[in-house]
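Labels A, B, C, D, E and F are assigned to the chains in the order they are written; within every chain, residues are numbered from 1.
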Amino acid sequence: MAVNTLKTEEYFVQEEPFYHPVSDEVTVFEAAYRNHLPVLLKGPTGCGKTRFMEYMAWRLQRPLITVSCHDDLTATDLVGRYLIKGGETTWVDGPLARAVRAGAICYLDEIVEARKDTMVVIHPLADDRRVLPMEKRGELIAAEDAFCLTISYNPGYQSVLKDLKQSTRQRFVALEFDYPGSDTETGIVARESGVAPEVAARLVKFAGMTRNLKGSGLEEGASTRLLVHAGKLIVSGIDPVVACRTGIAQALTDDPEMIIAVNELSSSVF
Amino acid sequence: MAVNTLKTEEYFVQEEPFYHPVSDEVTVFEAAYRNHLPVLLKGPTGCGKTRFMEYMAWRLQRPLITVSCHDDLTATDLVGRYLIKGGETTWVDGPLARAVRAGAICYLDEIVEARKDTMVVIHPLADDRRVLPMEKRGELIAAEDAFCLTISYNPGYQSVLKDLKQSTRQRFVALEFDYPGSDTETGIVARESGVAPEVAARLVKFAGMTRNLKGSGLEEGASTRLLVHAGKLIVSGIDPVVACRTGIAQALTDDPEMIIAVNELSSSVF
Amino acid sequence: MAVNTLKTEEYFVQEEPFYHPVSDEVTVFEAAYRNHLPVLLKGPTGCGKTRFMEYMAWRLQRPLITVSCHDDLTATDLVGRYLIKGGETTWVDGPLARAVRAGAICYLDEIVEARKDTMVVIHPLADDRRVLPMEKRGELIAAEDAFCLTISYNPGYQSVLKDLKQSTRQRFVALEFDYPGSDTETGIVARESGVAPEVAARLVKFAGMTRNLKGSGLEEGASTRLLVHAGKLIVSGIDPVVACRTGIAQALTDDPEMIIAVNELSSSVF
Amino acid sequence: MAVNTLKTEEYFVQEEPFYHPVSDEVTVFEAAYRNHLPVLLKGPTGCGKTRFMEYMAWRLQRPLITVSCHDDLTATDLVGRYLIKGGETTWVDGPLARAVRAGAICYLDEIVEARKDTMVVIHPLADDRRVLPMEKRGELIAAEDAFCLTISYNPGYQSVLKDLKQSTRQRFVALEFDYPGSDTETGIVARESGVAPEVAARLVKFAGMTRNLKGSGLEEGASTRLLVHAGKLIVSGIDPVVACRTGIAQALTDDPEMIIAVNELSSSVF
Amino acid sequence: MAVNTLKTEEYFVQEEPFYHPVSDEVTVFEAAYRNHLPVLLKGPTGCGKTRFMEYMAWRLQRPLITVSCHDDLTATDLVGRYLIKGGETTWVDGPLARAVRAGAICYLDEIVEARKDTMVVIHPLADDRRVLPMEKRGELIAAEDAFCLTISYNPGYQSVLKDLKQSTRQRFVALEFDYPGSDTETGIVARESGVAPEVAARLVKFAGMTRNLKGSGLEEGASTRLLVHAGKLIVSGIDPVVACRTGIAQALTDDPEMIIAVNELSSSVF
Amino acid sequence: MAVNTLKTEEYFVQEEPFYHPVSDEVTVFEAAYRNHLPVLLKGPTGCGKTRFMEYMAWRLQRPLITVSCHDDLTATDLVGRYLIKGGETTWVDGPLARAVRAGAICYLDEIVEARKDTMVVIHPLADDRRVLPMEKRGELIAAEDAFCLTISYNPGYQSVLKDLKQSTRQRFVALEFDYPGSDTETGIVARESGVAPEVAARLVKFAGMTRNLKGSGLEEGASTRLLVHAGKLIVSGIDPVVACRTGIAQALTDDPEMIIAVNELSSSVF
């Protein structure tokens, strides 16, 4: 593949992503979208939130602008800034302003990681005003009809310092995500990694064992994504036990005793 | 709707917003306004403070400039800054200076979230001097006669670190807001979401149950805004129990047991 | 009133402000001024410090440059900075440098809120050197003969972190302010708000009750300013009990029980 | 050697580095590389992680771009920034963007030391999207097929504040490194430092003694790198006991009693 | 006096300042100066350190460059920086560099308040190298022969966080200052304020009483400077008790009981 | 001496500095230098580390670039930055880059005081890669053959926050310094200050007494440097007891009781 540079708002999902609905999330998202209500996705890492957003972007035929939030992300990063180019000062829209203008889906991943001013810049977009104040320009922009704001976070990680304020939460329709059921997950792993279904089933069984250790030594169990990793290593000829050790156990934890325990679980499966 | 860009001070509320007075807030606000006294609004999220400001802006026929305050908001953000454009340095008024010049209503939402210098920049505007010092320009501007300063905050959230100082508070006339009475609220929900009045009444009943849980597991009860969200989802064909779960329960809390409890409450109503 | 923009050092108080001396503060201030000694004003919010400064500026016929200090106020903000305008770099004097050059009265309100470098920049101005170092220009400027430095703070608020250092305090003549006696205060409230004297007297009586609650549930009692607010609301036709609730009680505190208690006090007076 | 300046992405490892595989790390790395899976290396300092990366870069014939992470490393440092040169603003790609465009191996050493925004900028590169958002340019770049992301950290050092989040970890295949077995290590030390094999064997024996003191007074035992240092000093004519004191004991700890203890260990060996 | 602007290094003390040596400080300072040894002055606020420096500058006929240190003072502030003026970038020497080049006495007042990088920038000036590294210019400047570095601090204020490191202290000859003996101090107060000697003597007696309260309610006793203030107020016609209250007691403390106690002391004297 | 400005990398030590080896430090330093191994100097302030570096620079005939590290020293300060001069942007190498290009000895004094990114920027210079990444230029520079990296710190001062990480320490050959033996030290003091040998011997005896008080009231004992100071004051005619008080005791501590105790020690010697 050649190097490919896209404008942020040109990221359309061209082909239908593989997504298997777990509950009524597709219907509720569409209803919220039609009513101009913003959406909040909650759930553990690697359970399919990103894939769901790619799927909804494809289904609604809108560009998808994803921003991974972090400790240093400010409102300016989202809205835009003046840059000096060749002696001229040019305004460069940030990803949120691009989404507002282009009628895109703006997906702010792990919103609680961002600085507090980002929460506040989305407030007027997340109620019936649907406007984005651009204070550096002294302007307000009204969102395109097709614009959709979606945010996500993982409730399992929240601390008191990094919590969603009620004045933010109470602006969103909230969808909860979790790992898929085992048959569904087996299908996903087989399809994504190329392993045989019965190997995928063993990986899913092993994942379930690690998820039961959550809170008893593991911070999280193995995500669907890790199962796909292990599957790919197996397809490339790595021994399944080594694939589970390097693709799953070592990725989950650094605790030597937990790694031994998790490796024993994988040996019992393979 | 096409993308629409307005100058900040051109935001007039064109049509009378739906607003149902709860107490004497409209009369007191008008008296304060006529006497050039600044106003402080107190109350929980989603109970109608923003709508009240839109209503007063319409009633007084003044532009409304809203600033959502946050941890990183500085006096410079409110007053203005020099920007370099095309080799020339241009001064760009901030939203507070725009309001002072245009005789607008400046509404600083959740003022206690802002940095401390913002408190202080409003002091000379909030007493009988009614001037705004613009230190970067070495100037003072006297406020237009029609200028009005309004701030809000939610006393329920305040910590010791984020409190309004007495030297700030004692410059304002203060109005307390709360959720409307149930008949009023039923009318609001029906009107705003389009659900039938008896469905609206059930939603209001359910909201009351969640408000009773405040301090016993919930940080806040469901706001009027969330009831409108659930109503819109119901009108779009989502099952009321699902609408309450995604539009209200999941938006209120992440605690799995509280979500079950709140869902049981909604099931008992629908 | 049309919008009016003044240079900072052109702010002369044109008409004699209403000010009723409480003790020997006018005489001592004048003696300090004649001896080139800087002055420190101490006292609670809203008791008349700002009005006193306006009065002295009028009496001494000097411009008054007020700076409300805050957490982010730096020496640069006071002294001045280089700004780029049209390709040229221009030095812009800060308010303290303007006062030093113009022989104005510089009033630094709530000085302890400012950053520590501001304390230090005033040290050579606050002893017999009377010079202002402008380090960014590599210059010293000697203060005009008529220049006067005044600072204020509220000792009731001070924490260990925000205290005036001995090396700062021991450069000032210090004047303590407090609420005026009740007859004086009744006269002030009647005159400033337009209420009848006996209504003003009731407001003053009510204020005294709230001041007795200081330290027993209230952080501060009602200031003279708040009484003027309530008086203005009454003159505008608001019921006195409502005027006391919104103009005083809600402005003083957020504690529901204290608000009820304070409202009962106002009901007992009106 | 003359001073030699290279563009970051021109750093090819020209000659095969000496690397002795300890386990299946070469095979697993290659399988991960072929499957576009990013890799995480874990292990103590000086055990060969950097050498392993040089070896894999040589083996895969890709340029190697190493970034040593630290407390102040931001996403901007990795992605790039605008710089003003001769009146023109030029974009300068950071090392991560250079690697993405050049199809290089990007090795982020001690990733947990970096600021949190760096974690997040690698997320879309570390799942099947393989894109790098360049928010300052409003662009996304798709990674060259040959691009490979590798990160490392030392689990022994991690504190709660500096930990890899599950949403980061669960994107990587993880390889654990440790000191090589004694025969292997003896060979490495002899080859790298030029000491005779039996001197190398004594150094390795001494290193093992210090590694047993880990957690009993030493934070870490002597790394292979320190053994090579001591060997080189010995070859230069320094007495082995002095070489062990200055090349190993003093480099390991400042505790006077531990230094004496470690020196006694080296005297027992030499 | 007209406004007078001087270059920093042009500040010569023209007339002999009134200074009464307390011990051997003048001789030791001169010996240190002749040997190129830097000097550290220790002592409480207002006891004459600044006056001593003015006296030595006059005696040695060198310009005196004083920098009052504070929390935000950085090495850049002392050494210099590039400024853009009229499209050209100009280097502006900071006060320390000006002193180094001009052979001035550089007096860093309350050095421990400054940021840590300032300590370090003076290290190579404070040993026998006597050079100032200017890292932004990639240069070293050797100090003029007449250059002299003096720093001061008040040991009574030091906290663990703001202490002089041994690597700094052990570069200086250290002189300790304290209040002058009572006869000396009476002479100083009479001379500086113009009060009659017996009034000056009473002020000195009163000061001694406050100094005995140090540590028993007062942070510091009254400095000689405050006595001069009170003397000047008395000469201007203010009653001595009022002069002591506003010029001394209120300047020393905010504690209401201590102010009463100190006022009683002054009443017992006058 | 006229003011003399040198480029940083032109600082050659022209005349042999007086240095008396204490142990095998010269031999080990030379062996490390020949093997391209970086060196770490440990020891208390004023014991001769700086003089040792001047001596080695003279001996090896290399320029010596010293950087005194501090809390605000960043990698950018060491590596270099773009500066705008006359409309053109020029790259200015920092002292570390100058040393790398010029084959100088770079001495980073008190390295643990610097910000963490400085540690990391020296890592690739401190192993067998010997390259300096200049991320702002997108370049790597290979060190000149003669380049030598030396760092120092004082283990006695280290806190948990300011410690050398194992991944840094384990790249260096480490030399420990301490005060010289008494005969050696007597010779140094006599030679450097010009006092007669028997006065120097008394100063050294006195220093030993203060060093015994380390940890029993004194943070450090008197360094050799302080003895030279006192000697110089004595040669200038200051009484030895006064010279010890101002040149040593007051420089060591602020504790009044310790100063008395130390003064008694000096009186017992002179």
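Basically, contacts are C-beta pairs under 8 Å (C-beta built on N, C-alpha and C of every residue); 3 or more make two chains touch, one makes a residue touch a chain.
Computed from a prediction, not measured in an experiment: that's the story for all the values here.
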| item | value |
| --- | --- |
| Both-way neighbours, i.e. chains that touch subunit F and touch subunit E | none |
| Path length in steps (a step moves to a chain that is touched) from subunit B to subunit D | 2 |
| Furthest chain, CA centroid comparison against subunit E | A |
| Maximum centroid distance from subunit F, chain identifier (CA atoms) | B |
| Copies subunit A and subunit B - rotation angle from C-alpha fit, nearest 5 degrees | 60 |
| Copy pair subunit A, subunit D: interface residue numbering same or different (half cut) | different |
| Centre-to-centre distance between subunit F and subunit B (centres being mean Cα positions), rounded to whole Å | 60 |
| Interchain centroid distance [CA atoms averaged], subunit B/subunit E, Å | 52 |
| Contacts with 2+ other chains: residues of subunit E | 84, 87 |
| Chain contact topology (line, ring, star, complete or other) | ring |
| Sequence of touching chains round the ring, subunit E onward through subunit F | E, F, D, A, B, C |
| Complex contact set, residues of subunit F against subunit D | 24, 27-28, 31-32, 34-35, 37, 40, 42, 74-75, 82, 84, 87-89, 100-101, 115-117, 119-121, 123-124, 127, 133, 135-145, 155, 158, 165-167, 169-176 |
| Residues of subunit F touching subunit E in the complex | 1-8, 11, 44-46, 50, 66-73, 77, 83-87, 92-95, 98, 109-110, 113, 154, 157, 219-220, 222-223, 225-226, 229, 232-233, 236-238, 242, 246-247, 250-252, 254 |
